[in-house]
Amino acid sequence: MNIKTRHIWLILLALFAIVLPLILDSPFARHVLIVILLYSILGEAWSILGGYAGLLSFGQAAFFGIGAYTSTFLLINWGVSPWIGMIVGGFLAVLAAICLAYPCSKLQGHYFAIATLAFAEGLRIIFLNWNAVGGARGLDPPILPTSLWYLEFHESKLPYYYLLVLFLAVVMLAMWKLNSSRLGYYLRALRESNNAAESLGVNTKNCKVIATCISAFITAIAGTFYAQYVLYIDPASVMQLKLSIEIVLVTMFGGVGTMFGPLIGASFLTSISEIFRVVLGGAGRGMDLMIYGLLIMLISTLKPDGVWGLVTERLGRRPGKEKAKTSGE
Amino acid sequence: MQSILQVSGLTKKFGGLTANDDITFEVNRGEIVSIIGPNGAGKTTFFNCLTGFQRITSGSVIFEGRRIDQLSAPAIAKLGLVRTFQIVQTFAGMSVAENVIIGALMHTRNVEAARKRAADVLAFTGLSSKKDVLGKNLTIADKKRLEIARALASDPKLLLLDECVAGLNPNEVKEAVELLKRIIGAGITLLIVEHVMEVIMPISSRVVVLDSGKKIAEGRPQEIAADERVIKAYLGDRYDA
Amino acid sequence: MEQLGKLLIQMIISGVMMGFVFSLIAMGLTIIWGVMNIINFAHGEFLMIGMFFSFFFFKYVSIDPLFSLPMVAVLLFIIGFITYHLLIKKVLQGPVLAQLVVTFGLSIFLVNLAVFLWSADYRMIENPIASGKISLAGIAVSIPELVASIGSMIIGAAVYWFIKRTKTGMAIQAISMDKDAAAIMGINTDRLNAVSFAVGVMCVGVAGALLSNFYYVFPEVGSFFGVIAFATVALGGFGSIEGAMIAGVIVGLAEIVGGFLLAPAYKYAIVFAIYLAVVLIKPTGLKGW
């Protein structure tokens, strides 16, 4: 019964995701939806570290950048399909994650946050000065005829949208699997108490490294999608600290440690910032970002547990009632 | 009797301070050995050294014929030497059942199997009725009990309990001792660190007394209770005051 | 050979001089960090505000940055005090993440407020009193840099004295070591939090005023200094004032020497690399608790 209702909800959600861009058919609305999906994926990936393992990464942009740069570089220089490029990029990001996570696995809280931040900033500076990858000018993939194989669609944004929906679905499914796996239990345990976890045979270091690798892999793939969608990348857009922090924001506002948190956070924040950008950005002079900053401050002081908290508070009683009913029958 | 743990010449120094000084003793299979001593005697440091949470400065620790003093904490736990903490380390945001599942996952990857094992352990430790309560919402007594349950779920050969009755009221102490007796009944070897010695003495097969990091006495509870040095070092300052 | 020796001395002097400025910035950050356990992502933006104030004093009232320094310090102290009460205080009891992102929001807000009010243009203070170079035994020292480093040293020493020797300062130290104990001992943490935040903001603001003698003034200027300050503080050990002072000099030196050995463009990557290397050996930083 419970599982059945869950299935119905999932089917409804899938239908909604399929129909949504057909209703909101302006290029701008579709662009916003795509950005929402990208941030949701990035937020889910962050969640594996921040939500499960309690490792607050402020350097996700490093992995995103590695993904975006690898596939773009391969496409430009050797005409390699971004599908292969994204896998290569994913593995390079995993390599970077191992280099970062092994030494940093003993760091806690703020120290981990700053170490990841320093790592990403260091990488950004390297890319900024690395001529082979275009330095500060960045790279732009060649404009090829529309094809799935080269992940370029010029007539419509819809293919990007549906690919990202699929990607998000896969990531969420993986999160759901993780939740009920040994690794998922272990990550939550080490977040609560590293010592207690170790006393129960949990190799906390390995767990942290694995979590970082999974997160990096997903983030890098999202990087490739971004590069192919925007068809232009530079250190300022794919490796900036701002991106790393926005990924944190998205998850935080949606509610850390919840499955749909990143999606909700991304919908909320992206819509608002994109709308501000369009409505106020034209007026120029930073008005839109000023309000965005103000909003972040307001939410973190007034509703720090995330917007999702509002929803669960409202629906809080319902699942309980249902449960009582089923057990009564 | 067959020895399960052999500690010889264990020494732990923090800079100039010697927290454990040349401690040597054995634990035999099926025994209940208590380590007692006044505050600051080095009991918790000793536990940390045995379980790999701190590196020993010199000496050796042999568990089931294998030298373990250079192994990491999780590796030692996997061999079957599992500890609890004096200051409880409950997984606060997880339910009681989930806490125990973590322990049960030590020897299986299968979460369902771990869940079953956890249910058995919860029944054994009398926590079944609280299985859905979050760790942080438990009383101190239940947190201590949960810590034991978690360790038990990992199927230890030797269980190290760090002050499992300290801070409990007389009624809770009685329940805790009941649980200890059940654990002994299940054939698990126990090494207990305790400050409240009156409680632990009656169920111990042997007692080791630490003072200022050194082992000052070892023997049956009755012998220890009558030992001059122990009375002077420990009982003395407790009861004469 | 002699040439190389001179160059080396030149670099070391230059590195140490910038290092003192980094030290002052990091000191401000570490005080806030130690006392409130908050990463102030807007730290660099307060530096930017300090620079702009200094610039405006120069441009509109013709007061040289050196003389407007006390006023900038007082203004930044007040801004810090107000920021604490309006913003920081509200998240201190909240989740860690809220504490982490609230100052990020502030940072975006302040940068764009500056863009809104003063535009994104680069500005420069023309011919301040501290300008030019002096040459000693063939080693050229830039006067504005020298002034900035001496100024940073003086202010740094004053803040150090305040923390270590005054009653308020010692109470602040007590809070950063053990908040609960401090509260039990009847220390008014709220008032002291406000003071520490204000002092922290003042430190970085003064550093900004000193930098304005020889650095471009623009809304985005703070982001770079802010990020360097995080690495500096983490390198020194969170909450440790001595650590921040030492780490500042290390960062200054690393930047110059690293820039010389590799391409100058990579110099900040080297700062981060050094930080990561230190963290490997000592996770809590040089002087961390």
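Read from first to last, the chains carry the letters A, B and C; within each, the first residue is number 1.
As a working rule, a residue touches a chain if its C-beta (ideal position, glycine included) is under 8 Å from a C-beta of that chain, and two chains touch if they have at least 3 such contacts.
If you're wondering where the values come from, they're calculated on a predicted model, not measured in any experiment.
Of all chain pairs, the one joined by the greatest number of contacting C-beta pairs is A-C. Of all chains, the one whose mean C-alpha position sits at the greatest distance from that of chain B is C. Chain centres here are Cα means. That of chain A falls 32 Å from that of chain C. Measuring from the averaged C-alpha position of chain A to that of chain B gives a distance of 43 Å.
Here the spacing of chain B and chain C, counted between their Cα centres, is 48 Å.
Interface residues of chain A, counted against chain B in their complex, comprise 180-182, 185-186, 188-189, 191-193, 195-204.
On the chain A side of its complex with chain C, the touching residues are 50, 56, 58, 103-104, 106-107, 109-111, 113-115, 117-119, 121-123, 125-126, 128-129, 241, 245, 248-249, 252, 256, 285-290, 292-297, 300-301, 304-305. Chain C meets chain A in the complex at residues 33, 37, 39, 41, 87, 90-91, 94-102, 104-116, 119-120, 219, 223, 227, 230-231, 233-234, 238, 263, 265-266, 268-269, 272-273, 275-276, 279-280, 283-285.
Within the complex, the chain B residues that touch chain A are 51, 53, 72-75, 77-78, 82-85, 89-94, 98, 101-103, 105-106, 109, 111, 114, 135, 147, 150-151, 154.
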